[in-house]
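Inspection log for the structure reproduced underneath, given as C-alpha cells.
By written order: A, B, C and D. Residues from 1 in each chain.
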Amino acid sequence: MKENMTIISNRQIATGIYELTLAGSLVQRMHTPGQFVHVKVGDREPLLRRPLSLCDINHEAGECTIIYRAEGAGTTLLSQKLPGDTVDVLGPLGNGFSVSALSSGQRALLVGGGIGVPPLYELAKQLVNKGVFVTIVLGFQTKDVVFYEERFASFGGTYVATVDGSYGMKGFVTDVIQHHALSFHVLYACGPKPMLRALANEFPHQDVYLSLEERMGCGVGACFACVCRVPHSETAYKKVCSDGPVFRAGEVVL
Amino acid sequence: MNRLAVELPGLSLKNPIMPASGCFGFGREYAKFYDLSVLGAMMIKATTLDARFGNPTPRVAETPSGMLNAIGLQNPGVDYVLAEELPWLAQYDVPIIANIAGSTVEEYVEVAKRISKAPNVHALELNISCPNVKKGGIAFGTVPEIAAELTRAVKEESAVPVYVKLSPNVTNIVAMAKAVEQAGADGLTMINTLVGMRIDVKTAKPILANGTGGLSGPAIKPIAIRMIYEVSQAVSLPIIGMGGIQSAEDVIEFFYAGASAVAIGTANFIDPYVCPHIIHDLPPLLDELGIQHISECTGRSWNNGQTVYCGT
Amino acid sequence: MNRLAVELPGLSLKNPIMPASGCFGFGREYAKFYDLSVLGAMMIKATTLDARFGNPTPRVAETPSGMLNAIGLQNPGVDYVLAEELPWLAQYDVPIIANIAGSTVEEYVEVAKRISKAPNVHALELNISCPNVKKGGIAFGTVPEIAAELTRAVKEESAVPVYVKLSPNVTNIVAMAKAVEQAGADGLTMINTLVGMRIDVKTAKPILANGTGGLSGPAIKPIAIRMIYEVSQAVSLPIIGMGGIQSAEDVIEFFYAGASAVAIGTANFIDPYVCPHIIHDLPPLLDELGIQHISECTGRSWNNGQTVYCGT
Amino acid sequence: MKENMTIISNRQIATGIYELTLAGSLVQRMHTPGQFVHVKVGDREPLLRRPLSLCDINHEAGECTIIYRAEGAGTTLLSQKLPGDTVDVLGPLGNGFSVSALSSGQRALLVGGGIGVPPLYELAKQLVNKGVFVTIVLGFQTKDVVFYEERFASFGGTYVATVDGSYGMKGFVTDVIQHHALSFHVLYACGPKPMLRALANEFPHQDVYLSLEERMGCGVGACFACVCRVPHSETAYKKVCSDGPVFRAGEVVL
C-alpha cells in the first residue's frame, strides 16, 4: 500500500499544471477511476501527504499518471522533481467511480472542473472499453490552464468552457450542458463544490456521481478530518477519504 | 527477557509504543496495514456519552513541521463504542486505553463507569482539554482544582486505573500534575496539543472552520520534552509521553526526559507503518546505546541512570 | 503614499519590518550585509543594568522547524550600550526599540530611565519573560499582577512609549494583555519564545548547558498567530507580532491575525538578508492581494476589512 | 557573502567522511585558512546552517573544498547531494589561522584531530608556499576514518596516530609529538577541546593557535550563541564565529 515510486516524467502541460508519470508495483493494485493516492513530497517538510487523483492507470507499463496544479508548498516541490527521483506514495485509497453503473450502449456524461478533470480520464477510458458512449464537458478558468482536451476527444464528444471565455464556450459547465441539451444515463463529475452542487440541483432525479475534495489528515479514515454530513441526521457522516471521494448525489450534504 | 516490556498501572505492555488518541480511530483502518497485536497498547478516539458530529470542515491545516486539528470530538458515543468497536478490537492481543471526554464532570463519570467495564479496556485516559460548560467553557485542564475534582470523580467510578492527559496550554504544568496526582490519578499522559491557528493569506480567514485548532507533530516535541522533564521530577506517577514522535530516537529522548512509555499521533498520518517500524528499530538502537532494557532510560537525563519503572 | 508606512506610539515606521531582539545584536554584524536604514525599526538585544555573561554553552539547539536558545541575557550593560552601541546606530535612519530586562522591578526601572533618554531610542520593549528574583524566580510575564506592576513602574520613568513583550508560556494570554494595558502599556509585542528542551540521545543529557531554552522559529508560528488573534480582539493596543516569520506571506498572516507591525528573529540566522527581502517582496504581494496599504490588513481575519491602525 | 554554490563533486573518502567541492564566485573572497562557511543544506529543514571549515581554496578553478563527517540530519542530507546540485553558502566567515606569524625558513607544527584536520590542509599549502617548513600530526579514532595522509605528506613530515592503534601510532597526537620530540616556532591546531587543552598545557610558553568549535546560531556574531570566556574576567567574552574560530592559546578559556 506504500511504495517509493519512481518518476518517469514530470512535465508542465498547461500554465501551472503538471503531468506526472510514476512507475512501481503499486500500479498493479490500481483499478478504479476516482481513487486517489496520498503523496509524501518532501522528506521532512511539508509534513502531510497530498491527496491526488489517479488520472491514468497503465498495468502493462506498470505506470500511472497524475495531473496536478502546482500551487502550495507541496505541489510546488513536487513540480521540481525530476525523472529518476522517487516519491513516497500511499494508495490507491478511497472508493472511485462506479463503472458498473452502466452497461454497453448506454450514455455517460463526464463533467470536470479545473483540477477535477484528471480522474475523468481513466473513467472515460474504462467506460469506452466497456462500450459506453461518453460525452465530456470540461470547465476551466481560462485558456492557459486548459489541458487534455484532445485526449478526451478520442473517447467521445468533448466540450470546453472557460469562465472568461478565452477558450471554448464562455461560462460554466452547466451552461454547456444546457446549451447542447446533453443527456445521459449516468453523470459523473469532479470539480469545485459549487459546480457539484449545481449539477446535483440540475438533475435531482438522475443517476449522478460526484467526487468530493476535503482537507485530509490520514487519508485512510482514521482521523475524522474529512467528514461530510449525511442528509437528515445530526450525527451521521461519511468520510471523503475512505467512504468517498466519490458519492452518489444525495448521499451526502454538499 | 523482553527488553521492551513495560509494566504500568493496569497495563502489561509488550512494548512501550502505542498510537495516540484521535490519530488511530478505533484501529480498523490501520488493521489493514498491519496486525494490531504488535502494538504495546492502543489509545482509542475520545469517547463521549452521546454521539457527536464535531466541527465543520476544514478540520486540519498544515504548519511548519506540524499540523492543526479541530475535529471537535467526533465519535459515535460510548454505547456504540462498547457494542461495536471494543468487541471488534478484542480479536487483537492489545490492551486498550480508553480516552474519555465530556462537557461536565457527570458526563465524564458516566462514560468512565460504562467504558471501564469492557474486558479489553485496561486503563482510562482523561482528556481534560475539553471545555467545562458549567464553568463558562474554561478547559478542565487549565485549572488545577477543576482537573483534580474531575480526576477524583472519575477515579471513584472507574473499574480500571486512570491516566490524566495534561494540556500544555498552561503556565504551570507541574502544578497541574501535582493536583491530579493528589486527586488519585494512576498515571499521566502528556502532552495534548497546543492551541494554534493559521490564516489563509488569500482569503484572510482562518483555515480551520473552527478558527483555532490543536497543534501536533514534530514542531511541539521540544515543548513535550521540557514538560515531561519537569513533571517527571515533581511527581511519582508514570508518564506516557507524546508530542511529535517520529522515530526510535525520539522515543529514547522521551524516555530520557522521564517517560515510561510513549504514544504516536500525527506520525501515523505520514507513515501508517510508523508504530511497527519504531518497535522494530528500538532493540538495535538500545544495542547501539549499550542499554539492556528500555526502562533503564526513563528519567536518565536527570536521575543519572537509576531505573525508575521497570517492566521485567 | 508609502503603502508600507506604519504609525505606532512613538514610532513612525517607513515599513513594518524590524529585526527582533536578541537576533540582531546591536546591528553591527548585519550592517556588513546591508544598509540598516532600509529597516522599519530595530529591536536591540535585551539590556540590563550591569554587563552579564549569560549561560554556559552550548546555548542553542536545533528542533524541527525551530531552535532553542538559552543565551541568558548576555549583554554589555546599559551604560556601555548608551556609550557605544546607540551612538554608533545613530548613523542609520532607523528608530530603535530598546529591549530591557532585569531581575527586579528596580533594575528594569533604572535601565528604562537611562536608555529611554537616548535620542534614537523611540520606544522601550519590556522583556517580561525574565525571572523575578524577589518573587522566587517566577517570571514577571506569567502573573498578570506582577507584569502590571512592572509595566506601571517602568511607564512612570520612561521618556518614550513602552511596549510589553508577552510570554506565550501562560494559560491565559488575554489576561496578561489586559493587565498590562490597564497598567499603561502603549503597545504589545508578542510572542517571546516557548520554553522547550532537547536531550541528546547519545549522552542522555540536555543539549543546552542550561537544560531548557526558548523555542523560536517557524514551529511556533501557529501559536503566535493564535495568540495575536485572541489578544488583538481583546485589547486596543497596537501589536508588533513575531514568531517564525520567514516571508512576506507570513507577514500578511500576522497582520490578518491582528498585528500592526512585525519583527523577524530566527530567520536572520538562516538568511542574513531576510529583512530587506521581505520589505522588497511586500509591495508586489499587496498588489496580488488587491490591498492598497498594509495597515488595511491588520485584524482582517476578524474585523471584516475595517482598518485598525493606519499609517498615512 | 551568500551564494548558491554548485557541487562539483561530493564523494566519500573514508568511513562517513566526505569531500565536497563547490564552485562559485564566493571562492574569490576566500583567502584565509581556518575560516569557515555556513551552509544551508535543505530548503526548509534542517532549519539552521552548518559551520564547515574551508579545506582547500582554488582561485584559478573558482572552487573550494570542504571535508565533513556525515553524522546528524544536516550533514547526512549534504552527503546525499549530487554534482550539479546547489547548496546555499554564507561566507567566508570568522578569522582564520595567521600565516603571517611565520616567515620563510621557520618551522610550523600542524596538529589536527578527526574532523579538525581539514582546515590544516589549506594552512599547510599556504605555509609551504611561503617557504615555511611544516610538520603535520593527525589524530583519528580508528583506521577507517583516516583521510588525506598522503596529501599532507606532500607538504612535509606527516605522522598519524589512532586512538585504537589500528593505524599509525597508538595514542593521541600529544604522544606523537613527545615521542618524536617535535619542535616548532608556531603550533597550529584544530580538533576536539580536550586535544586543544592538552596542547595549550604542553606548550604554555610557545606560540600556539587553536581553532575552536561551538554550536552556532547566526554564525556572524549577532546572537551570542558561540561565546567563550576570556581569562580573569566575569563578563568578558569572545565569539567563536566572529572573533575566532582561531584564537591564540591563552586568549580564551578552553
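We take it that a residue touches a chain if its C-beta (ideal position, glycine included) is under 8 Å from a C-beta of that chain, and two chains touch if they have at least 3 such contacts.
Chain identities (UniProt): A, D = Dihydroorotate dehydrogenase B (NAD(+)), electron transfer subunit; B, C = Dihydroorotate dehydrogenase.
Nothing here was measured: the structure is a model prediction, and the numbers come from that model.
Minimum number of contact steps separating subunit B from subunit D: 2.
Among the remaining chains, none touches subunit C as well as subunit D. The geometric centre of subunit A is 46 Å away from that of subunit C, both derived from CA atoms.
With each centre defined as the average position of its C-alpha atoms, the distance from subunit A to subunit B rounds to 36 Å.
The centroid of the Cα atoms in subunit A and the matching centroid in subunit D are 55 Å apart.
Separating the CA-averaged centres of subunit B and subunit C is a span of 34 Å.
Those residues of subunit A in touch with two or more other chains are numbered 44-45. Annotation for subunit B: residues 63-66, 217-218 touch two or more other chains. If touching chains are joined by edges, the resulting network of the protein chains shown is one closed cycle, each chain touching exactly two neighbours. Contact annotation for chain pairs lists A-B, A-D, B-C, C-D, with touch applied as defined. If you check the complex, the residues on subunit B that touch subunit C are 63-66, 68, 142, 169-172, 194-199, 201-202, 204-206, 211-212, 215, 217-223, 225-226, 229, 244, 249, 252-253, 256-257, 289, 297, 300-301, 305. Taken together, the subunit D residues at the contact with subunit C in this complex read 1-2, 40, 44-49, 73, 90, 214-229, 234-235, 237, 242. Across the complex, subunit A is touched by residues 22-25, 28-30, 32-33, 45, 51-54, 57-67, 69, 71, 74, 76, 207, 217-218, 266, 268-273 of subunit B.
The part of subunit A that touches subunit D in the complex is made up of residues 42-45, 77.
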